[in-house]
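Multiple structures are listed underneath, in C-alpha cells.
Each of the next two complexes has subunit A plus one other chain: subunit B in the first, subunit C in the second.
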Partner chain A sequence: MSRREGSLEDPQADSSVSLLPHLEAKIRQTHSLAHLLTKYAEQLLQEYVQHQGDPFGLPGFSPPRLPVAGLSAPAPSQAGLPLPERLRLDAAALAALPPMLDAVRRRQAELNPHAPRLLRHLEDAARQARALGAAVETVLAALGAAARGPRPEPPAAATAAGVFPAKVLGLRVCGLYRDWVSRTEGDLSQLVPGGPA
Partner chain B sequence: MVFQIQISRTETSNVIWVGNYSTTVKWNETVHWSWESKLPLECAAHFVRIRSVVDDAKFPELNFWSSWSSWQAVHVQDFLGQDALFVFPKDKLVEEGSNVTICYISGNIQNNISCYLEGEQIHGEQLDAHVSTFELKNVPFIRKRGTNIYCEENQRNAISDGTVLFVSKVLEEPKDFSCETRDFKTLSCTWDPGTDTALAWSKQPSQSYTLFESFSGKKKHCEEKNRCNWQITQDSQEIYNFTLITENYLRKRSVNLLFNLTHRVHPMSPFNVQFENVSATDAVITWKVHSTGDYFTFLCQVELHGEGKMIQQHNVSVKVNGKYLLNELQPNTDYVAQVRCADANHFWKWSEWSGGDFTTPEAAPSEAPDVWRTMKSGSHNVTLFWKPLSKFHANGKIRFYNVVVENLDKPSRLEHHSIPAPANGTELTLDQCSYRIRVTASNSAGTSPAAVMVVSADPGNKEVEEERIKGTEDGFSMSWKPQSGDVMGYVVEWCDRPQNPLCDFQWKNLGPNTTSTVISSDAFRPGVRYNFRIYGLSTKRIAYFTLSWKNYSTKSQPAFIKGYRVYLKSKAGQCHPGVEKAVLSDNTVCCQYKIDNPEQKTFTVENLQPESFYEFLVTPYTSVGEGPRGTFTKVRTPDEYPSMLLRVILPVSFCVMLLVLGCHLKSQWMKDKCYPDIPDPYKSSVLSLIKSKVNAGKLYVHHMAIED
Partner chain C sequence: MPAGSPGPAAQSARRPPPLLPLLLLCVLGAPRAGSGAHTAVISPQDPTLLIGSSLQATCSVHGDPPGATAEGLYWTLNGRRLAPELSRVLNASTLALALANLNGSRQQSGDNLVCHARDGSILAGSCLYVGLPPEKPFNISCWSKNMKDLTCRWTPGAHGETFLHTNYSLKYKLRWYGQDNTCEEYHTVGPHSCHIPKDLALFTPYEIWVEATNRLGSARSDVLTLDILDVVTTDPPPDVHVSRVGGLEDQLSVRWVSPPALKDFLFQAKYQIRYRVEDSVDWKVVDDVSNQTSCRLAGLKPGTVYFVQVRCNPFGIYGSKKAGIWSEWSHPTAASTPRSERPGLGGGACEPRGGEPSSGPVRRELKQFLGWLKKHAYCSNLSFRLYDQWRAWMQKSHKTRNQDEGILPSGRRGTARGPAR
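Take a look at the complex of A and B:
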C-alpha cells in the first residue's frame, strides 16, 4: 500500500479512493466496537452512581470538578482538528483510561465489597478501553497516521484522599471513559465507507 | 499531680472546655492526654493551656496551682483558596445514635451554601464568616458503605465538597454464652454475637472476641465470631470462670460464665447400634457409648418408631454398653429405633440420635377370614367368598387360602383346596350331603384360625319373605324379626345383579341381638336395584334325613300317581310348625308331608332333633286315595355335637377321675375330716373303767340285798 493510497490527510477529498478491503473491514470492526462500548460505558456510569448513595445519581447533582491527572474531557475545539489528529487523541485517551479504571475498581472493592457486578464491569471497562485503543492505533498505523515516536507512559492513576473524593473521582473517570469512547465512535464513523462525511 | 487544662475556640477568651487530669508523674517524663473536639478541629482555631498542682499529702507545701502555660494554638486547616469549600470531618466513624457535628469552611464569605445528608438538605449555624456547623443528633445507621454528606455553593455548582460519615451499629453484648464438653478434652463455648459491626472501606472490621478464664489466668483470642474452643488441661480443674470480651473500635462489652465442668457434659452420640434376636413380637436393641471415665453413668433414651410415629419410649441407665428389649411389636412391620444419651447425674444436653431400622418377621395370621357363601337354587354348587385379612391380623403376606370340605354324612371324606392369594373366593361342587367347610389363610409363618361354615343339604322349597325398601343417602335401612331358637348372629348379603357371576357380592356380619341395620357403601349407585338377603346363623344343628324312591316308576303304575305322602313318627309326637299332623289307624299321631309332584322322587325331612329315633313311611296317592301303607322304617338322626361333647366330657371326666384318685389316696384324711367314726362307748377304754365301776356297783347292791 503506497503512502498516497493510505493517506487520510483529507478523507473527504479522497472519498472516491477505494480503501483496501482488509483496512475497510478493520475500520468497520473498530467502529462497531466503539459503538458497543459506548453503550457499555453509559451502563457502567449508571451502575456506578447507584452504588455510591445519594446525592450521586440524583438529578441535578453536580459533583466537585476534581481534575483527573493525565486526562481531560474531550474538548469541543478538538472537533476542528484533522481526523488523524482526533484519532490520535482518542487513542491516547483510551490508553490513559485503563489504569484509572483499575484504580477506581480497587477503591470500589474497599467501599462496595458486596457489589461484584460493578467490580467486574469496571474490570471489563479497563480491558475494553485497552482493546479499543489498540484497535484505533492499528487503524492509524494502517493509514500511515500513527503517532510519531514512543507514546508517553500514562501517568499513575490519581488517588483521592478520603472516601467522598474517591467516590467523586470514580464518577469522573467513568464519565471520561464514556465521553472518550463516544468521541472515538464519532471519529471512526467518518472513516467508515458510506458513513457520514 | 493534678493538671488543669483549658481549651478555647476561635479566640483564647472563648473557653469552651475545662477539665482536670490526675496522674502520677516521674521526673522528666512526658505526660500524654487527649481530648476530642465535637467540632472538627479543621473548622476553627483552637487554643489550649495547662497548669498543675501537686496533690500529694507528703508534699503539702506544694499544694498550690502553678501559673497557666501560654496558649498553644491548634490550626488544622490553614490557607483556603477563594473558591475552596471543604466539609469536615472526613470519613468519621461514629456509633449509631450518637451526635455528630459537621462543618464546612468556605473560602468565600457567602451565605448561599447548601448542605445535604443523603440528598436531604440539612440546616446549621454559622460559626463565623467562613464556617458553618451542623449538629446531627441521634445519627441512624443507613448502610455499611457510609452516609454521604455533601455541600455545594448554590450559585456556582462547580464548587462543592463532601464527606462520608461511617455510622456503626452499636456493639451488642454476646447472648446465650454457654460452654460444654463432649470428651473432657475440649470445652466448646458458643454465643450469639448479634449484629456484625464491620463497615466498608476498612473503616471498622468485625468485632473481635476473646475468652479469659480467671482461675487459670489464661486468655485466648477467638477466630470465629460465635464459637471458641478451650483446651481442658490435665490439672482436673472443675470450676471455670469465663469472661467473653467483645470489642470494636468504639466499644467493649463482656459477659461472664461460672460453671462446673462435670455439669456441662454433652455426650457424643451412641454408636454401634444393633438389633438382636428379632422375632415377630420382640427385638433387642444394643448400643455403645463413648467412655468418659469409670464413674460416669449415662441416661439413655430409646425410641421406637413405626409407620412414621413414635410408638415407645424408654429410659435406660448405661455405663458403656446399652441393651433394651423392645416388645409388643407387630409381625411383618418395619420399625425404626434410635437412642440418645445424656449425663445421668447432672443432665445438660442429649446427644444426637443414633439408630437403625429392622423388620419383624411374619407370624401366623391371628384371625379367621370373614367367609360367606352363596348357593345357586336347584344346584349344590356353593360359591365361597372371603374378605382379605387386615394387615393387623394378616401378620404377613397371605400366600394362599385353604378350603377343607368335610362331608358330615360321610365323615371319612375330606376335600382339600388350596387357593393362591389374592383370590377372594372359590366355587365348590357339592352333592346333597351336609358339609362342614373350613377356610383358613396362610402366610409364610403359619395358618390362621379357621372360619367354619356348615352347609346343609337341600333345604327344600322354603318361602322367603321379600320386601322392597328404598335407599337413602345414608344407605339401605332394614329390620327383621328375631329368629327363634339359638341364633349366634345374622348375615346380610347383597349384590346388584344376583344372577350374574360379575355381581359385586358383599356381606356384613351382625350380632345375635341385632334386628335392624343400615347398609351403606360407596359402591351403591343411584337408580340401581340391589338384592339383600338376611340370614340367621344357628348354633344348633338341625338334623334331617333324605328319602329317595328313585326306582319307583310312576308310569308303570296302574293309576295316575298324583303325588306322595310322607309320614313321620317320633317319640315326642311333635311336628315342626307348618307340618300337618295326621292320625294313623292305630291312633298314633304322626307328621304328614305332602309332595304334589309325582316326578319328585326325593324328599328331605328336616328340622329334626339330633340323635333321635324316627319312623317314616312314603306312599303314593292318586285321585282316589293313598296307596298301601307299608311298615314304618326306623331311622336315627346323628349326634349334634360329638366333638363338643368330647371337649366337655373329657375334661369333666378327667377332673372327676382326679377327684376320685385324690380321695382314694387321702381316704384316711378324708375319712377323718368328712366322716369320722362315731365313738362307741362300749369300745372305749374309759368305758371299761366305767364298766368296772358299774360292776362293782352291782356287787354292792347284791350284797346289800343278801344282808336284808
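Take a look at the complex of A and C:
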C-alpha cells in the first residue's frame, strides 16, 4: 500500500490502517459543515418562497423542473458509484452553485429590494457552497482521489426572461443547493470514522 | 388621479423579451422540440397597471404534437383559481382572461398570474404590478452634526403606499453652481432618511430635494434651501453631575461640560434641563439656561430621587442668526434631596414650565425685590445665593433649637426625656 495519508478504496476494510488524526479531523469538520449547511439551505428555501408570493410555498406547488445550465439534480443512480466519484460530483456541483446563487441574489435585489435578510442569506449561501466545495476537494486530495486535470470553469449563470420564470429559476437553484449540500453530507458520513460503512 | 409624470411602464405594453447572451436559457414557456410536452406563453408579460384598471391577458399553448388545445386550461392569481366566467376560449390554442378593477399588488415582487393545464400543471406565468405612481415627497428636514455631515428626513407622499416598489433618491447641489449630487447612505434614521457624510461646504446655501420613482411614474418634492451653519446640532453635554446643595432639602445642583466637538467654533450655547421624580413620567423643563454649565434646581421635594437630563443648542455658530437644533438629551443622572425634618415641605420647582404654584409666587416676589434693591439700594451683593445661604442657616439653627429643647433628631424616635446631655 502506498504511503498515502489514507485511501478511499475501502476505508473500513483494514482496521489496522487508521486515517491519520488530522485527516480524520478534517473529514469530521467537513461533514459537520455539510450538516450545518443542509439546515441553512432548507431555511433559505423557505425564506425564498415566502418572498415570491403564492402559489410559491403553497402545498402542492410544483413548477416544471426545467434544466438549469451547468448543473443537474443529484440522481438516484449516482448512489451506486464509488465514493470517490460521488465526492467528485459533489465538489463539482458545489463549485457550480455560487455563480447561480449570485445571479438569483441579483435578480431578487430587483424584485424584493426590501428583503435584506433574503439577499444576505443568498450571498451567504454562495460563500458557503464555495467553502464546502473547497473542503471536499481538500479531503479528496488528502486521500489521493482528487479530480485529474483542471476543473472546467462553471458556465455563466443562467438567466430567465420574465419575472415569473425568474422566480421559478431562483426556486430551482435554491432547491439544487439544498439537494447537493444534503447529498454531500450523506457521502461524507461514509468517511467519518465510526459512521455508516 | 395619478400625480407626477407618467412613467415608461404605464401601459400594459407587450414588450419583446430582452436580448440574451449566449447562455443556455431556462425560460418557462419556451417550447422543447420533440419532447411531447405542451408549454405556453402568457401575454402580456409582467405588465404594470394602475389600481382600478382592467387587464386582458391570453395564454397561448404550443407544443409537440401540434394542435394543443385550450380546452381545460384555467388561470390562478396568487395561488387562487379564478372564476371560469372571467375566461373564454379565443381559439383552439388560446385562453383569454379579463380582469377588472384590479387591487394593489399583494407583494412587491408582483402578483403571480399562472396558466394551468387541465391536470393542474403550470404552463406559463406572468407577474402583475398593480399600484399607484408616487406622490410628491414633502416635509424635508435636515441637520448637521457638528458641521461634519448632513442628515435629512422626509415624508413620502400619499403615506408611502403605492403597492409598488418606490425608490426615493435625495439629491443636493450648491445653490448657484455645481452639479446635482445623489445621497448614497439611506435609512440611517428611519425608512425615509439619508446621510451625507462628508465634503460639505459652509457659508453657502444648498438646494435639497427628494425624487420618488416607481414603475408608474415619478414625483419630486419642493426644493429646500439651507446653509449647513443654520442647522447644526451637537452631542449632548457630557459629564452631567447632580449633587445636593449642602443640607438644603429642596435643592439639587446640576453641572455639566459643554460639548467638546464645537468648542473651537466660538458659539453661544443654550441649554435646557429637564427633571422628574423617580416614579413619575412627567418631566419639568428649565428653559434658557444660557451659556453656563451649571444650574441649581430649587423647590424640590425633600427625600426624593430625581432624574435629570441636559441638552444643548449651539446657536450663532460663525455668526449664524438662526437657532441651532437641540441635541439629544444626555443620559439620565439621578440624585436625591436630603430628607426633611419638617413635615409638609412640598414640592415646587426651579422655574419650571407650569411649575407648582406654592413656592412660585414667593420666589418671584423675592426676585423682584432683589432686583429693586439692586437698583435703588447699595446692596450689590444681594443674590439668590445669599438667600439660599440664609435658608441653610435657618434650617441649621432650627435643628439646634430643637435639640436644645429636647426634641431628638430624626432617626432616633422615642419619647423625649428632658434636655439632651
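We take it that the second predicted complex is superposed on the first by the 188 of 197 C-alpha atoms of A that agree within 3 Å, B and C clash if a C-alpha of one lies under 4 Å from a C-alpha of the other, contacts with A are read in each partner's own complex, and residues count from 1 in each chain.
Here is the rule we go by: a contact is a pair of C-beta atoms (placed from the backbone, for glycine too) under 8 Å apart; a residue touches a chain by one contact, two chains touch by 3 or more.
None of these values were measured; they are calculated from a predicted model.
Engineer: Put the two structures on top of each other at subunit A: do subunit B and subunit C fit, or clash?
Structural biologist: Once subunit A is superposed (C-alpha atoms), there is a clash between subunit B and subunit C.
Engineer: Does subunit B (first) or subunit C (second) touch A:175, or do both, or does neither?
Structural biologist: In the superposition, A:175 touches no partner, neither subunit B nor subunit C.
Engineer: Looking at A:53 after the superposition, I want to know if it touches subunit B, subunit C, both of them or none. Which is it: first, second, both, neither?
Structural biologist: A:53: touches subunit B and subunit C.
Engineer: More residues of subunit A in touch with subunit C or with subunit B?
Structural biologist: C
Engineer: Applying the document's definition of touch, where does A:112 land relative to subunit B and subunit C: first, second, both, or neither?
Structural biologist: both
Engineer: Can A:65 be said to touch subunit B (first), subunit C (second), both, or neither?
Structural biologist: first
Engineer: Which partner does A:164 reach: the first (subunit B), the second (subunit C), both, or neither?
Structural biologist: both
Engineer: Mind sorting out which residues of subunit A both subunit B and subunit C touch, each in its own complex?
Structural biologist: In the superposed arrangement, which is not itself an observed complex, subunit A uses residues 51-56, 58, 62-64, 111-113, 161-164, 167-168 for both subunit B and subunit C.
Engineer: Which bits of subunit A are touching subunit C when the two form their complex?
Structural biologist: Interface residues on the subunit A side: 51-56, 58, 61-64, 66-70, 111-114, 155-165, 167-169, 172.
Engineer: So in the complex, the part of subunit A that touches subunit B is made up of which residues?
Structural biologist: 51-56, 58, 62-65, 110-113, 161-164, 167-168
Engineer: Over in the complex, which subunit C residues touch subunit A? Could you list them?
Structural biologist: Interface residues on the subunit C side: 17-18, 20-21, 23-29, 45-46, 76, 78-80, 106-114, 121-122, 124-127, 165.
Engineer: So in the complex, the part of subunit B that touches subunit A is made up of which residues?
Structural biologist: Subunit B residues touching subunit A: 87, 90-91, 116, 118-119, 142-143, 145-150, 152, 157-164, 200-202.
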